[in-house]
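Each structure below is given as structure tokens.
In what comes next, chain A is part of two complexes: it sits with chain B in the first one and with chain C in the second one.
Let's turn to the complex of A and B:
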């Protein structure tokens, strides 16, 4: 994202007096909505997660309990979490390679049709409905597409777990690659490509020159792309639902089940709080790492 | 020797770029082609004959049309509300400096990083406790929460791009600060404001993960209708609906390109 520098903007002095007050009034509605309907639900989840579940009733008993979190420590549930983290990790590593290649390819072009095409493709992919993408993937990979062919050739079982896991990984790669490519594009455009030429002139192979200059300088960008992609991957919901065929179960699906199939709000809330905490840790760790890795100035 | 390694490296790189491009596009093309399938069942790709039957089915199915209508009204209401609220917040954040300003910006943007499934479940619990049972209003609240960050970020960026001397000129000519903001700043940031509402509309039309917690059998969006249909059966009406959604997406992207330029969104590089 392009960030305007202080010199091109307004005189950045703060306005005072009645104008400041009326601007404050303009901001209040947004503040109200975010506080009540964004922070509110998160607080409610935290409260609900320590209440006692009453079987057969939608309202829970206000008696304090940590039982819902204790239940999460059961091996079966740990397993779901680990599965989600493992599949997401594999997928985002693949996305990192693919998105890096695309971003590198686009960053070398300052103008022209190829660049416009890719920028439109990447931004367009962000806007294409998630349902459409998942549907397209399940058509391409499912019985009428690739899987149908593979099944004929290899004689795979309908619910082959490795195949379904691969499906989910492919879905996540498709979901995260455009966003990560745009993040990396921002980084790579600011790296001087003449460094690479210089390394080549001095005798390095293309690969070596790339790794020692551009790749080394883009580690902070890669870190933030990875953190962003990973946070997206573990929060993905429609991808595991439709590409995992009910056999691959992601954490997000557990939450939905506690609402739609076996209503248990306290336990659902405990899972949701755990998922939120995990994704916060990923994002914050990413930010922290980026700050550690970046040379002092090149923030923004 | 060095040349051979270099050529292998270039080939490998070219292969990854081409393969990734095809991989990103293939599922969308698949949907496009299959939506014109002439068969009455979901058969192997490619379709042996073409027809518009799935589009006809979509437009004669009240279930989908009701969803489409809700999506459109919800999307427009969300875009209007998020843009008005977001512009108000952006004006305040742009023109004032105070301790905790960065914290406030982070708070305003934080719905972007919270998983929608968590937000959906939380909103459900909150709204049940509050006793709100109007589905459209619940959906509107949820959609406004997830689109406000986009609106604030886009409008704030466009405000920060304005030249300081325009406001100074207005005030030198006798305008009060109010008039300078109302007559100069807001009109100049209108592309940002319009871009914000386009993005909010697109995000709202897409949203499904949070919405599935808030709908009921009578009020639902097109995306959640697709969600329910895909779970039950696998027919190509969904492909036709998907192509229509992709058409809307293309229009939104073209509109954004005309308004702000896609390259500005992606960042131009050395600047």
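Let's turn to the complex of A and C:
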């Protein structure tokens, strides 16, 4: 009863008076941290993106301009954005399938110790430095690696764009799969596996039983894992740099170049703001679409 | 033994004071943070600065490595200015021009060893003050792996030939503030002031599918050549030296009839940003110019010293003697290039990269 009362107390619009004030005060430190360390830099980035670049200078001119955004309308830059979204999408779809299989396999282990072992393996992969993983992949996929041999067998040139894009996609899959599998594991562990058995008892085939119970119930988890993986893929930097040979260009590479090497902060900021905005639109549109389709999936 | 609250507080207070003493002592120490390129440059810098630190009690020197172009230092300094966290920066000319324009650098005219440096190496501001301490001269040049190229290359225009399909390692266009582009522009009669020929030529070799990669860092270029992914490239002398350890290489620096196959000199300086420890940093930069230290450093790095009369070796033949400087060496206008590099990089992004994808 106590729990029920407390739950009722936190329902939307039901908190009144001193309790509401206490809650607001409790939220104040978190609000402060988010404002200073998350929103603050974003606002500064947005302000920098409308400043004027001065050739040969590190600092920019405060004169307002939208020229940095105009430059992004060049077809070449539009292609860089589209390529980044396309490669990320393909890679994350592959990751979703792989991570679902891994998470399903782990969630269905009866022994808690065995499940813990597999979870530790997944977490262990995250402890290996990203650079080490990318260099390892670069050796495996490059000229002297297995993938390189396959390329030679297929008669493809070293700079074949499909080969290089495949390298980048494999790199992103390698990067996102453990995180997506861990995200899905939480969802799958909470789905009662007896539902599948019950469906089969009622005459459904094994595949149909899986689709109508476990898969349908795990759609919210899959959506979260996809959104997380997609965000990781779009913001990946070392993977396209090392596996794309400078021919596959991700938007993050353009940002790094402008912030670190040329340096052109205003244009770099405009690219970063545009990437953030377009990524959010893509992810939110994806989530909306899944929500629309989700009831249909569960009724299928 | 019974522990009273008062005794505990007193004990805790004493422990806090005792724990703080080393910190107070540490506050009086001079901590210099330097930055150089990873590999032999960093090894040499660490060895010589360690010797210097031994003679200065309470002084410590820590080192970081560049993650790409040395111009990135300017970005790092901007991020924390005026609280400078890099006190000695091993950089090429463009970075000095960038930081000099912002007024971030100490002038170094008072350093005794600066008088021993070749005057043409010293970068000065509009008031004639020296902006950095020239440390050594390195070169950037085109070259190839002899075991992977069937017949010698005598001109850059040969890179259009089908034998180089998927064989040329190009460099990020903003490397050395656009030096790779300038080298190609020279072939077509252009240069720093007219870069168009470089883009015309690059568009042709990109369309032909001859460029296999666009290297971003030293490691990219060394790995690509060592693994045989690329057989022709434009690279720095230290990068060529690394490849030469494993494969026969031919550097294209002494080509009497070529307009573009030159030894492109890229000087390396110690730039000292204004900071509370800039006095000590200047002293260390001066120490690096000591003839014995120059000899020691050049042995590690394989470059040419900035101080007159210091002996050095050049097993790859990448450097040019004083008598042949006019014939084989090229000194870029890095001041102009540091202002143009941004425009060139954007042009490369919109004109050349799409062609590389379609090749």
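One rule holds in what follows: the second predicted complex is superposed on the first by the 226 of 300 C-alpha atoms of A that agree within 3 Å, B and C clash if a C-alpha of one lies under 4 Å from a C-alpha of the other, contacts with A are read in each partner's own complex, and residues count from 1 in each chain.
Following the convention adopted for this analysis, contacts are C-beta pairs under 8 Å (C-beta built on N, C-alpha and C of every residue); 3 or more make two chains touch, one makes a residue touch a chain.
Worth saying up front: this structure is predicted, and the values here are computed from it rather than measured.
Colleague: By the touch definition at the top of the document, which applies to A:107: first (chain B), second (chain C), both, or neither?
Modeller: A:107 sits against chain B, while chain C stays out of touch.
Colleague: Could you look at A:206 and tell me whether it touches chain B, chain C, both or neither (first, second, both, neither)?
Modeller: first
Colleague: For A:161, select first, second, both or neither according to whether it touches chain B, chain C, the two together, or no partner.
Modeller: The second partner, chain C, only.
Colleague: Should A:259 be classified as contacting the first partner (chain B), the second (chain C), both, or neither?
Modeller: Touch partners of A:259: chain B and chain C.
Colleague: Given the superposition on chain A, which partner contacts more residues in chain A: chain B or chain C?
Modeller: More residues of chain A are touched by B.
Colleague: Per the contact definition in the header, classify A:55: touching chain B only (first), chain C only (second), both, or neither.
Modeller: second
Colleague: Would you sort A:26 into first (chain B), second (chain C), both or neither based on which partner it touches?
Modeller: The answer is first: A:26 touches chain B but not chain C.
Colleague: Now for A:74: first (chain B), second (chain C), both, or neither, which partner does it touch?
Modeller: In the superposition, A:74 contacts chain C only.
Colleague: Residue overlap on chain A between the chain B contact set and the chain C contact set?
Modeller: On chain A, the overlap between the chain B and chain C contacts is residues 58, 142, 144, 241-242, 259-260.
Colleague: Taking the touch rule as given, give the residues of chain C at its contact with chain A in the complex, in rising order.
Modeller: Residues of chain C touching chain A: 67-69, 71-72, 74-75, 77-78, 97-99, 101-102, 165-166, 170, 172, 174, 209, 211-216, 220, 227-229, 338-343, 345-346, 349-351, 353-354, 356-359.
Colleague: Mind listing the chain A positions that touch chain C in their complex?
Modeller: These residues of chain A touch chain C: 53, 55-59, 71, 74, 76-77, 79-80, 142-144, 157-159, 161, 241-242, 245-249, 254, 257, 259-264, 267.
Colleague: Which stretch or stretches of chain B touch chain A in the complex?
Modeller: 2, 5-6, 9-10, 13, 16-17, 20-21, 23-28, 30-31, 34, 42-45, 84-89, 91-98, 104, 107-108, 110-111, 113-119, 121-126, 128-129, 141-142, 144-145, 148, 152, 157, 160-164, 167-168, 177-178, 181, 202, 205-206, 208-209, 212-213, 223, 226-227, 230-231, 234, 238-239, 242, 245-246, 249-250, 252-253, 256-257, 262-271
Colleague: Which residues, counting only chain A, touch chain B once they are in their complex?
Modeller: 1-4, 8-15, 19-20, 22-24, 26-31, 33-34, 37-38, 40-42, 44-45, 48, 58, 97-99, 101-102, 104-105, 107, 110, 115-116, 118-125, 127-140, 142, 144-145, 148, 173-174, 177-178, 182, 185-186, 189-190, 203, 205-207, 210, 231, 234-235, 237-238, 241-242, 252, 255-256, 259-260, 265, 268-269, 272-273, 275-276, 279-280, 283
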